[in-house]
Amino acid sequence: MFIKNKKWDHKYFLNMREEVLNSWPTGREVDLKEAFLYLASLPKEKHTDYVLKEASQNGKTLLQPRAGVPILKDHIALLQYLQDEGGADILPTTIDSYTRQNRYKEAQLGIEESLKEGRYLLNGFPAVNYGVKACREIIESVKVPVEIRHGTPDARLLAEITLAAGFTSFEGGGITYNIPYAKDVPLENSILYWQYVDYLVGIYAQEGILINRESFGPLTGTLVPPSISIVIGIIEAILAAEQGVKSFSVGYGQCGNIIQDVASIKILDKLTKEYLASFGYYDVHLTTVLHHWMGGFPEDEAKAYAVISFGTIAGAISKVTKIIVKTPQEAIGIPTKEANASALKNTRQVLNMLENQNFIDEDKLSQEEYIIEREVRSILNRVYEIGEGDIAVGTVRAFSSGILDVPFAPSKYTYGRVMPVRDNEGAIRYFDFGNLPFDEEIKNFHKERLEERARFEKREVSFQMVLDDIYAISKGRLIGRPR
Amino acid sequence: MGERTVVLGVIGADVHAVGLRILDYALRSAGFDVVNIGVLSSQEDFIKAAIESGARAILVSSLYGHAELDCRGFKEKLQEAGLENILLYIGGNLGIGQKNWEEVEKKFKELGFHRVYPPKTMPDEVIRDLKKDLGLEK
Amino acid sequence: MFIKNKKWDHKYFLNMREEVLNSWPTGREVDLKEAFLYLASLPKEKHTDYVLKEASQNGKTLLQPRAGVPILKDHIALLQYLQDEGGADILPTTIDSYTRQNRYKEAQLGIEESLKEGRYLLNGFPAVNYGVKACREIIESVKVPVEIRHGTPDARLLAEITLAAGFTSFEGGGITYNIPYAKDVPLENSILYWQYVDYLVGIYAQEGILINRESFGPLTGTLVPPSISIVIGIIEAILAAEQGVKSFSVGYGQCGNIIQDVASIKILDKLTKEYLASFGYYDVHLTTVLHHWMGGFPEDEAKAYAVISFGTIAGAISKVTKIIVKTPQEAIGIPTKEANASALKNTRQVLNMLENQNFIDEDKLSQEEYIIEREVRSILNRVYEIGEGDIAVGTVRAFSSGILDVPFAPSKYTYGRVMPVRDNEGAIRYFDFGNLPFDEEIKNFHKERLEERARFEKREVSFQMVLDDIYAISKGRLIGRPR
Amino acid sequence: MGERTVVLGVIGADVHAVGLRILDYALRSAGFDVVNIGVLSSQEDFIKAAIESGARAILVSSLYGHAELDCRGFKEKLQEAGLENILLYIGGNLGIGQKNWEEVEKKFKELGFHRVYPPKTMPDEVIRDLKKDLGLEK
């Protein structure tokens, strides 16, 4: 397969489009001209990009829950509840896992059984099966914008249907919705599929309809070192911009060390803007997203609330544009609507109480920013190099050689050698660098930090330490101390 | 392969890979021979691996909430394949949403699983049970 | 009445003691010699001072809930639950409000009706009515130390009974258990009553039994400027030390601005130690206590959790020795035991996640410390001056002339002119200084901070702003912004 | 005193002073003549103040949880004092613990209160009710 970071030829797109729209009956409901009119007719408060702009101009942080159930009317009621009772600023529609794997038949079975049995057999909303018209009922039943959230390597049909239906934000990317969400989808394929989505969004943009695209920063959610997440966010922003996307959000999953989290969000914002500009994409509206801790949660609700409230601190200090909120029932299963709304209230209260407070040590912050920035540049520059000037080519090559790597990923297209572990203050460091192209300064920095922890805990840095860290938060602390 | 061989994998369209990684590590450290077939595995993948390796147990992991749909008919397929005596465990987050644990356990026992584990089960527990059920501990 | 900061004459104490022990039948159960033996026989883990020392040596922060119900066996079950399920490090026994006013007859009625009706008609545990023997059942049923918490201007009998029963910590003081808790008890009286308690604790100390005494820092719990609370803590520490107390804790109610809270706890610790030493009390073991926000709470539990988790941040950063934990049901009524245990878990999780993290801006912290320290010294030195070298005399005079003042206090022995309000970052500042002896530098500092807020909100600093601040946290934010 | 006089206080052994301060301020700002007898007030204190000021309403505040014990017999004492027609409100945190609000309201209505307010009632609401009940708003 041949892939490049180059705006698609329109004919190429149209040919592929035929195939995509024919892959499931509801595909034929999509009529782009009609969709432009429909989206243009929506009030501006239902357009994600407008809401994001208003927020960043007023220094406000928006809150978004996760939610999706397989029965349409229940899904609508759920979103209305999260909007009215929880005060969500942007609503989600989380797609079920069969749809994510393009297994629409199984999704159909899931809808039918759910309806029959009166309980949910799918873990999300199967938007493709519902089709454009049914999806519009969602948009018309709420007052705020709705984003499609999923984890689909090939989301071409999903995008066609949901964008036409009036969802004004669409999460994912050729890397972030492949590496953590698939086992054997080659990166060339998923990047290509996502260029399709971005090109489609670009067509909307040409009509003056700004669809927000969001990269899924947290990846595997489990001790992902910030620089890896940031590099990938920047690459997806560039890939999207090339296809014509004008509104993009880069995301980040909380690590837990406040300094590291704030530094990461700042660098994510700064470097994405810088690289976009240096690649010549000047007119992309860029915003940032923080995900509350994405790894294993404590089962106890009071403790889970603690993880959530704690996670909000970094969001408040970094003045991130949006927080995607976890719930007190995270460890158990898909949350009740009440738990979901409660999490939004909890997050809002912490945000509000931290309003205007600034207590962060700027020196420590700069030090951390310095190291993250150097790491990001080291990787990105090397990706660019081995791609011989093409970031898409570079990405594929970087992943196969371990120049880019994601810990704990299920995909066989990751090199899989990078191993993270926390330092003595809870920041996520590299225990094994795999093939990441870091110089001695960076490597020594990490080594020293880990030695400090090893001394403190009187044990070697080992896989046991990593295991302890994976369990730590669910067992009541940030750092997996021995015993 | 020997009496300590077990097949491990995540069933269905589920990609949760972290627990699997840990189970793999813990089982190996406890002396088991682990055939890890990874995430996104079908019932057929499990059966094929079990036959090929002569495994004595299949450990199914499912986090994402579709376990019930994914496990329907598994028992029958195992019988067809002549694996009616193989030990069958399942664990992870087996229901969608906030379910009553007794109900969930009952459902999966009906589906043919010998042991059903609630969320957050620690590897030690499974290892203890496995050793007992396989008669490896005197 | 004649009052001085001077160790009591033993005969004077004994005379008064007769009267005290005769004021209610259970008083006659107290036998000091037997009490010494009893307390000496308790394992060290049941001695508050031991537990506090262990904690401060290991840099650990202890957690203590609030709890007290009128029926003995229920009270014991409640404490056991908070110990086992909640993981409380120190347990409380909160005394009911009739006992606090020495209205033992009404307390008796309350016990009887509660038993009869099977529901609680008292808001705490009436320890005096139960007497020494019954109280010991509590101590013998739990594994950790138990503190008596109340709000009693005259707690002489309560102290006699509960100390003999094995409670190894006793909260209160002549100022902090009068000004917020009484209407017309003269300060001379309450200070005298508390000298009695401290002298009694001193007698135990002579026998090698260290009873911890704790000052009630939060006062009225409502926008109390830190310097006021710190000055009063220091005075009570000095008064206690003079009577022979060897283990003392100074407390502080969270204000909500992280820098201000951390600075306050540091200054509280530093200056109390300094003043104790400068008065010649070298051997007092001093520790600090943080109370989660003591003012009005939000009714919603998720929001209340946010206030609690948020409050824990300052405790973690300042490495306070103990946190007294609020619950998610604070706004509604006395919490269920489950809510109480959950609050402990929530607090522990946040504490643990902040373990070893230090992200505070030391410059801002020093600036805030500087101003608080100057305020404290200004007041304290003036108190000493007008007391003509006697801090007890000075305190009485300072309160009557407004050199010391507490906002929103019910007591008519406060001058009642000081008025606090939050600045633009949420720190509590003085809007009206009343007669506090502050120089221009201090006054200007406050004025500038308030002008900043006024400009931001485009309105004058006024009582409406104070009102807005009183309601703010219960309505979802720290600062009472207009509308 | 006039038709706009009300007596305000916290009953029993209760010292919660902040809400009282706010109610006082709000009532005055709304044009009422407030006789504020403060915290720790007995039934007798309320009655005495009401007689002396010729008040048309008594507003009892109770936060600390002993309201029920503190208010027993209040109605009878008011009748004895010839104040059977005075308007009687109560508010604050009236139960001990997590109570069912309907029960609490019923209990205090039985004790003779015309209106019973749940925790966190805003002053506006009381002022509106007072004006209505006293016929001050046309």
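The first chain written gets the first letter, and so on, giving A, B, C and D; residue counts start at 1 in each chain.
Throughout what follows, a contact is a pair of C-beta atoms (placed from the backbone, for glycine too) under 8 Å apart; a residue touches a chain by one contact, two chains touch by 3 or more.
Every value quoted in this text rests on a predicted model; they were computed, and no experiment measured them.
Enquirer: Taking touch as defined above, what minimum step count separates subunit A and subunit D?
Expert: Each step joins two touching chains, and the minimum needed here is 2.
Enquirer: How many angstrom between the C-alpha centroids of subunit B and subunit A?
Expert: Distance between chain centres: 30 Å.
Enquirer: Using mean CA coordinates as chain centres, what's the subunit B-subunit D distance in Å?
Expert: Taking the average C-alpha coordinate of subunit B and of subunit D, the gap between them is 66 Å.
Enquirer: Can you give the whole-Å distance between the Cα centres of subunit C and subunit D?
Expert: So the centroids are 30 Å from each other.
Enquirer: Distance-wise, how many Å sit between the C-alpha centres of subunit B and subunit C, to the nearest whole number?
Expert: 55
Enquirer: Tell me, which residues of subunit B touch at least two other chains?
Expert: Nothing qualifies.
Enquirer: Considering subunit A alone, which of its residues make contact with at least two other chains?
Expert: none
Enquirer: Which pairs of chains touch each other?
Expert: A-B, A-C, C-D
Enquirer: Okay, in this complex, where on subunit A does subunit C touch?
Expert: Touching subunit C: residues 256-259, 262, 298, 300-303, 305-307, 309-310, 313, 328, 341-343, 345-350, 352-362, 364-365, 424-426, 473, 476-479 of subunit A.
Enquirer: Residues of subunit B touching subunit A in their complex?
Expert: That would be residues 12-15, 17-18, 21-22, 25, 38-40, 64-66, 68-69, 93, 95-99, 119-120 of subunit B.
Enquirer: Which residues of subunit A touch subunit B in the complex?
Expert: Residue list for subunit A touching subunit B: 96-98, 100-101, 103, 106, 109-110, 113, 119-123, 151, 180-184, 220, 222, 295-296, 299, 329, 331-336, 339, 408-410, 463, 467, 470, 474.
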